[in-house]
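Below: one structure in structure tokens.
By written order: A, B and C. Residues from 1 in each chain.
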Amino acid sequence: GADEPSPAAAPAAGAATEGLDVSQEDGVLTIRLNRPEKFNALTWAMYTAIGETLNAAAENPSVKVAVITGTGKWYCSGNDLSNFTKNMPAGGPQEMASNGQKVLNDFCDAMIKFPKPLVAAVNGPAIGIPVTTLGLCDLVYCTDNATFKTPFVSLGQSPEGCSSFIFPRTFGFAKANEMLLTERQITAQEACDGGLVTRIFTEDRFRDEVDKVVKHMASLPPQSMRISKGLIRQEVTEKLLEVNKRECEVLRERWLSDECMTAIMNFLNRKK
Amino acid sequence: GADEPSPAAAPAAGAATEGLDVSQEDGVLTIRLNRPEKFNALTWAMYTAIGETLNAAAENPSVKVAVITGTGKWYCSGNDLSNFTKNMPAGGPQEMASNGQKVLNDFCDAMIKFPKPLVAAVNGPAIGIPVTTLGLCDLVYCTDNATFKTPFVSLGQSPEGCSSFIFPRTFGFAKANEMLLTERQITAQEACDGGLVTRIFTEDRFRDEVDKVVKHMASLPPQSMRISKGLIRQEVTEKLLEVNKRECEVLRERWLSDECMTAIMNFLNRKK
Amino acid sequence: GADEPSPAAAPAAGAATEGLDVSQEDGVLTIRLNRPEKFNALTWAMYTAIGETLNAAAENPSVKVAVITGTGKWYCSGNDLSNFTKNMPAGGPQEMASNGQKVLNDFCDAMIKFPKPLVAAVNGPAIGIPVTTLGLCDLVYCTDNATFKTPFVSLGQSPEGCSSFIFPRTFGFAKANEMLLTERQITAQEACDGGLVTRIFTEDRFRDEVDKVVKHMASLPPQSMRISKGLIRQEVTEKLLEVNKRECEVLRERWLSDECMTAIMNFLNRKK
């Protein structure tokens, strides 16, 4: 329950996963994507570990605020496309797509349900799901060299992270669709002007400024904080769970489509 | 059905209507308001032809993207007020108002239901319904000399094009009401900052830049495009159809009110 | 009924309340917070009088537009915390909290239900409920030295004025939460960019510019104005009444919590 202390739970869940560092200090839980050589691309294991870490932290009263950030120059380059080509399960693409659907669904559900302030500290460029899931965070700080791109259609895929719902509400349709349908990469300033980003800090001050905010939040009355977040999210939480489910179902079908398979093969061949 | 090619359908529907040019190239259907001497004001026939063109293009797999734009200096000066004074039907104002309600309802329904990217290329000033229906488009590009004005109340009328619903969601109430209730004309920059417009281009680059975007979209995997737009619009489509119906019903009553009749007579007399 | 003139009703309701001036000119009802020595902080009596004034003005056809503004340098410094310490009722804190819940609920309900344009003329800094209730106004004009702050969590409290619902819709979650959860004070420019404020005027032109807009609105066809506002608010009015009720219930519980009592005692002691 929420009142039983279990301080070791959160760090333990993440510590065992390659590419992920989890630490806690002064009530602030930090989940750090730590695969700089892959621009912090997300493996299936990382999605699962982040979700489990958040679920444990939700119940851990020593955690007041959670922060997601990246190591190195990038925040996160998105879903690691080798998720689709390595370790094909016995059931083939069908099983792989079903597994992927469940992994993504659980990952986003954990963010949607997290009852304390969830902060994204976007330390550099982001592509795909680390962009879309910013709408599931409560606060989003970024460096002035961060960029945001969501190239789903050209990869034969479709929006996730509840972006199909939250982006139009945040940016309006005209700008949400520029990201989701024309796939234009937007700048930190455009993301901030559009309301996806709380504030921009220069790279040299970024870590200190985010630290200051999250420590301040961790020092405020925790019940008032939780209740206030609950009020703010109340009208939208059930809807987000429903949108997430729908997006992941559509994505499973997309992954098995000719459009998607062709696009991913082309992409992986281009990289060679 | 969506899979039966009927490449001639869309152009045929519009070609016969005075004031409207419809053409198609590289998967891009262009609907051009072409009454520059009337600032591209919309006649009842033009509304109907635009709706039918979109409905046909929805089913035509050779159409990947649709664009609405205007000829000359103006995008569109709105509803041609002579719609209310010319060709009075046998049933008098009552019948005219009912006819107008149906024409507007069908016009907006066609935009709401269009399943592929719908782009407004706003080549100059816009007043009234070409402004409100921008919220029904997926992407809105405008020139830097475009302006946006919605003077419904002073004409004894009320908002249409689902603006009563989409404008507050896009701009917030404070700015939506500046347009809808104080009737202030806003600039291209204000419309873009507020989220109604995707991006602004200078007049000399406008056509080329819009062409580039729409051709890019027309080249992307069409099923992913359609499915992605479907996800983005899913939460709002039924609501928009309902709002459109309500707005058109209210407008029919407004057209028969003393406030509206007096305002239109004053407006038409001033122009003489 | 709406058609029976009762020109004296509105002024009469407010005239008797200390700290509140109510006047009417050319169809514009002005509700002026007039406790400059207390930065126009709101007493329980002021909340009630404002609500009753709006309810009377709703039925008074001579009122076309209502304006809320403040006297002096401040717009309003929020809920007068001495509301919680002076005049403790016989039933003690429980009764005080229940009374406060009802007062706030009725106050916001009156703003939500007001059927004519409701304008906030924010003449200077605002803290707390005068900030949150801006989302219940149709138009918000402010001076360039206005600031906006909502320090609920640090006072052991939670958002009201429907801000838990309207702020995320207006600003997006990322910026709404900066105000509601990190409690950062934002500038006039930030409030305007985010969509909470319609426009900013310099202090020397502020009163004249607001007068011009409200007189213009008061001169427009009143039925079209009322019907247009009704359409714009239709999708959200029932939801706002429900959100308001929920926020006030939560706030009653918060007022009785240790977190809140401690925070208010600390605040009042610091001021001594």
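Assume contacts are C-beta pairs under 8 Å (C-beta built on N, C-alpha and C of every residue); 3 or more make two chains touch, one makes a residue touch a chain.
Values in this document were obtained by computation on a predicted structure and should not be read as measured data.
List the interface residue numbers of subunit B and of subunit C, divide the shared ones by all numbers used, and answer same when the ratio is over half, different when under half.
The interface is built from different residue numbers on each side, given that under half of them are used by both copies.
Please state the rotation angle, between 0 and 180 degrees and to the nearest 5, that superposes the Cα atoms of subunit A on subunit C.
An angle of 120 degrees brings one copy onto the other.
When the C-alpha atoms of subunit B and subunit C are each averaged to a single point, how far apart are the two points in Å?
Once rounded, the distance between the two centres reads 36 Å.
Can you list the residues of subunit A that touch 2 or more other chains?
169, 171, 193-194
For the complex, give me every residue of subunit A touching subunit B.
152-159, 164-165, 167-169, 171-178, 180-183, 193-194, 239, 243, 246-247, 250, 254, 257, 259-260, 263
Which part of subunit A faces subunit C closely enough to touch in the complex?
117, 134-135, 137-140, 166, 169-171, 193-199, 213, 216-217, 220-221, 223-225, 227-229, 231-232, 234-236
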